[in-house]
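One chain, chain A, links the two complexes that follow: it is found with chain B in the first and with chain C in the second.
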Partner chain A sequence: MQDASREADGARPGEGVASFETTESIGRRIAHVFYAAPALVPLFVLLVAIAIFGILLGDRFFSPFALTLILQQVAIIGIVASAQSLVILTAGIDLSVGAVMILSSVVMGKFTMDLGLPPALGVFCGLLCGLLCGTISGWLVADWKLPPFIVTLGMWQIVLAANFLYSGSEVIRSQDIAEQAPLLQFFGRTIEIGGAVFTYGVILLLVLVALLAYVLSQTAWGRHVYAVGDDKEAAELSGVNVRRTLISVYALGGLICAFAGWALIGRIGSVSPQAGQLANIESITAVVIGGISLFGGRGSVAGTLFGALIVGVFTLGLRLLGADVQWTYLLIGVLIIAAVAVDQRIRRASQ
Partner chain B sequence: MKLLKAGLIGLAATAAGAGAATAQSVCLITKDATNPFFVKMAEGAFAKAAELGVELRSFAGKFDGDHETQVAAIETCMAADVDGILLVASDTKAITSVVEQAREAGTLVIALDTPLDPIDAADMTFATDNFEAGRLIGEWAAKTMGDTSDAKIGLLNINVSQPTVGVLRNQGFLTGFGVDIGDPNRWGDEDDPRISGQELSSGNAEGGREGMENLLAIDPDINVVYTINEPAAAGAYEALRSFGKEDDVLIVSVDGGCPGVEDVAAGVIGATAQQYPLRMAALGVEAVATYAENGEVPEATEGKDFFDTGVGLVTDAPVEGMDQLTVEEGLELCWG
Partner chain C sequence: MTDDPEPILTARGLTKRFGRVVAMDRCDFDLYPGEIQAVIGDNGAGKSTMIKAFSGALQPDAGEIRLEGRPVRFASPIEAREAGIETVYQTLALSPALSIADNMFMGREIRKQGVMGRWFRQLDKREMSRIARDKLSELGLMTIQNINQTVETLSGGQRQGVAVARAAAFGSRVVILDEPTAALGVKESQRVLDLIRTVRDRGVPIILISHNMPHVFEVADRIHVHRLGRRLCVVRPGEVTMNDAVALMTGARTPGDLAAA
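And then the complex of A and B:
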């Protein structure tokens, strides 16, 4: 707040106190708008990025094919980032999301293909596996009061090692799955509408984001999630069951990651124990660019979707321009820092 | 106190071990412990070591590219005074200084799969001729197409850092296909109009799918796709399948892993150049045992600066004038 007022002061040294106050209140009002709807900034960046690449690349980018391709390419990270959003809203972080996703997909594959369970039961066991991993993290965070960073750093290693030990790094081939258990590839199926191609995985992402957005803003549980992230003690004092909220958030996060694992089988066809190694970093990137505060309590899951899409737009756009892939990483790095800087500014200005 | 005691017991055990270890010993250091290629390589090494009565210690980086862990592993092996080190280096340039120390201490260092930079930094290299592997699939693809003037080529490489193996396979493929490669030390400098694009795959199915999608966005009419390895090929096929183009595109690959050979049988991959990691590791262990016995350093294959462990072209659609393995033969020799 101090910074903002000083800048305004410096810009108009000759003007009176009254007009200075007006400038500040406009700034404050803008800050309040963004504070109230934190998804607006990433949405704006996304639309500008699409427009710029559309102008530079024309039809190659601005086609239903390319635009829905971006959705397909961000579907997995978008789903994982939704789980990450829930955890970060409680001022936590989950480094194990990618590992939980992979282990769940491996469980689905191995239970169905090696143990010969019916595909539906195999999928159920995989989802249960994700739920269980999340619940363990949540329990350690809520009951043992361990820092989420440490808990999930440990869980990441444990789950990933379990994945490699159990799978022996062996891939289950797409063709075998298609033959014996097509249900595993359910989210790879596509709907085509005039050149636009939607996979079921994309639809899962969109439905999930809509559902979470509703639950977070319209239900008591959603408000508790924000309250816990904003100020744990205050939430406790006002009667929120912090313990149960935290465990449920991590558990739900784990379950969502398992769904991401299922969708991943659809996307790559096979069950690959080595996939998704960067999902934790990429999901945090999407969440941060999407305007969710790492300090918890502020942000929306729609922002996360926009954050993931921004990364997807930059990646495909720059590739189509023929730019070196390092430029993508560089620009995404800039976006991450800019997003957090904006968050800090809004936070201070609106206080 | 308890800790100290445990430490002392450990030390004593090590000393006893070292005392008993007048037997030959060898270290295997791979890029990571999760890639099936290295998992199989370690299996081959352990089997051969057990057969020859050689003690084998196995190390691996935490991930592909983990240089520090490999350096620490070489230091550990030097401290253990092993007769030889079999190394699949992650950073082929940076590792050479510690390799030199090991060689000065009298340890035989054999590079497996990936040559060091420079190649003579190791006593010998046991590897696949990756250029030849690429050339074989390139020639097969050209012969399968017949008239290659309408070819639209997409290439799925591993990553932007252009590791030697990736460059050799890529340039070998283009050479075999009949494309002028320009500088053979890097891909991407070719100006043949038949090349639609060069993309990245990270060498896995996820990356392969995304890379193929990007290639299709660049040119929807691509009809020949080179892939760095079979997981990338499987991912590329998924992308093609989702756009209904799987029957219009010829995919070739390199590796010869069992899932890859099965993909050849299923028509996902047209042909793949198979390499032999078990043979690499087994020959490496043998070479160290020979060296420990009489100081003999293994010789390079004639006309090459490394020991060529061989490559086989696996396809179920053979063309004329090439040595090819059937899918059944490929399955007998496959790994992972």
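And then the complex of A and C:
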């Protein structure tokens, strides 16, 4: 949605004028297109990667089952990366996303299984926990004017420590949850359509990305998120309530992370305080490969989805090829640097 | 026009201290309907402080501001805007990565009618683009081909034009311009000065802060000379020379000297 509108928005002067077309190099014109629709770059990389692995691996990779397996594998990171996208669009960063996700899932598990609350209420408390963590970060960033990196670095440690202290590092077993509170595993349920397997977690991811893409491109709040990330002082002077926008972004980010925590229980079956330790870095990776600028104000949440899928395609593709898993990390590292380099080239070429 | 007995914007005894520095010292100001009033003064004279008090960016410690006779207090730029005072800051306060239309409607977006607007809070982008295009055309700025192109693709003069158009479109009572030609070339400056006259002729009085004496003398109806945190005097461009004006603002001469001469 967002890409379509951005693309339409980005038509440039002189593009329809014949004399310009001969003077502008093909490279510059391609750069213009990508400038107007930043999510096209990761989409292109994603399609090329799928094509290459499809050719190398044939049906083993290019099947509804394998392709939807990738979606299942990236669902959690994709959801967390959506939250990360919102924060990075405001020129911030949230290092606490993984910790908030885990604490929320632990709250859901403990409140339901240990305190004996009804599962729905336990889930609600977990979501509230995520919302609260995000709101605190947002308040510290917006009202105390502390750097997001520092605030969320602190929150990461605080939330993770709270998680271990509260859970006693104990895992709640999958069978127990399935018996007593299957609602916790809701996002692990699947629907099958001709070999393609979708978990509810995957559907959550897709719905979430569509929703955020709509909100970011079609509502005033979305415009304000971009404006705050682009130039905070300018946004303030032109009448945007920067404080409210920032707090709402971090709060919504926390809530989305709590949903990721719920989906995580569905994915691994159990509630584990040790799960998802790499979610911080992996979410930032997806956002960067997805073409969102770390300096804020540019990019789209659809790009983040493509970024997460690119990581998923490489991971599964290389594993099916029998390559050492380190090759995956190596290639992802190359992609991160390449993504930022391409991003800067496009921006320079279009100005 | 200055014979009009009712000023639009007046200030009496504005005072603002930053620690031990007195940025405004019992400062007065009067803006009349239909005029371009330039504000000149040396660096550090407190011009910006006074302007920020009018635009809501800071709150004076003492003194009174009246808009059309009614006392007003602006706690934020948004409140000043709601009262009909629009400011074009020296930094322009535009978001470079967003479109012209997005920028013009920043903070006052129009939502769609009906269910999509009320329940899904969808913006009416078509309507906003239409109004933005109309406003730019009215001010003779339609050299900008596409209202949806991003601001960072515009030249300095075009950006200034967008910022002025935004202020003119929504500033119903007063438009404040802070150094609008400082970053521009000769030709672009001239276009912006024309634009300022157009806005005045459409009935909105303008406060113009500038260091550029030729520009000030070209467009201003009256010149407010600011010195040491307050109004030294108000002169007319026809009655004093540029050298006199500079002498006044640096303290080399006093209004009394001029009257005697």
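Some points to look at:
Operating definition for what follows: the second predicted complex is superposed on the first by the 322 of 351 C-alpha atoms of A that agree within 3 Å, B and C clash if a C-alpha of one lies under 4 Å from a C-alpha of the other, contacts with A are read in each partner's own complex, and residues count from 1 in each chain.
Keep in mind that, in the parts below, contacts are C-beta pairs under 8 Å (C-beta built on N, C-alpha and C of every residue); 3 or more make two chains touch, one makes a residue touch a chain.
Bear in mind the structure is a predicted one, so any value in this text is a computation, not a measurement.
Of the two partner chains placed by the overlay, only chain C lies in contact with A:223; chain B stays clear of it.
When the shared chain is aligned, chain B comes close enough to touch A:174, but chain C does not. Once the two complexes are overlaid on the shared chain, A:305 sits clear of chain B and of chain C alike. Residue contacts after overlaying the shared chain place A:265 against neither chain B nor chain C.
Once the two complexes are laid over each other on the shared chain, residue contacts for A:297 go to chain C alone; chain B is not touched.
Of the two partner chains, chain C is the only one that A:231 touches; chain B does not reach it.
Of the two partner chains, neither chain B nor chain C is touched by A:246. In the superposition on chain A, the residues of chain A contacted by chain B and by chain C do not overlap at all. Listing the residues of chain A that touch chain B in their complex gives 60, 65-66, 69, 72-73, 164, 168-171, 173-175, 188, 190, 197, 199, 264, 267-270, 272-277, 316, 319-320, 324-326. On the chain A side of its complex with chain C, the touching residues are 5, 8-14, 214, 218-221, 223-224, 226-227, 230-231, 233-241, 297-298, 350-351. In the complex of the two chains, the chain C residues touching chain A come out as 57, 77-78, 81, 87, 89, 91-99, 102-103, 106-109, 111, 120-123, 125, 144-146, 148-150, 152-153, 166. Within the complex, the chain B residues that touch chain A are 33-36, 39, 63, 160, 199-200, 204-206, 208-210, 213-214, 217-218, 231, 234-235, 237-238, 241-243, 259, 262-263, 266, 268, 336.
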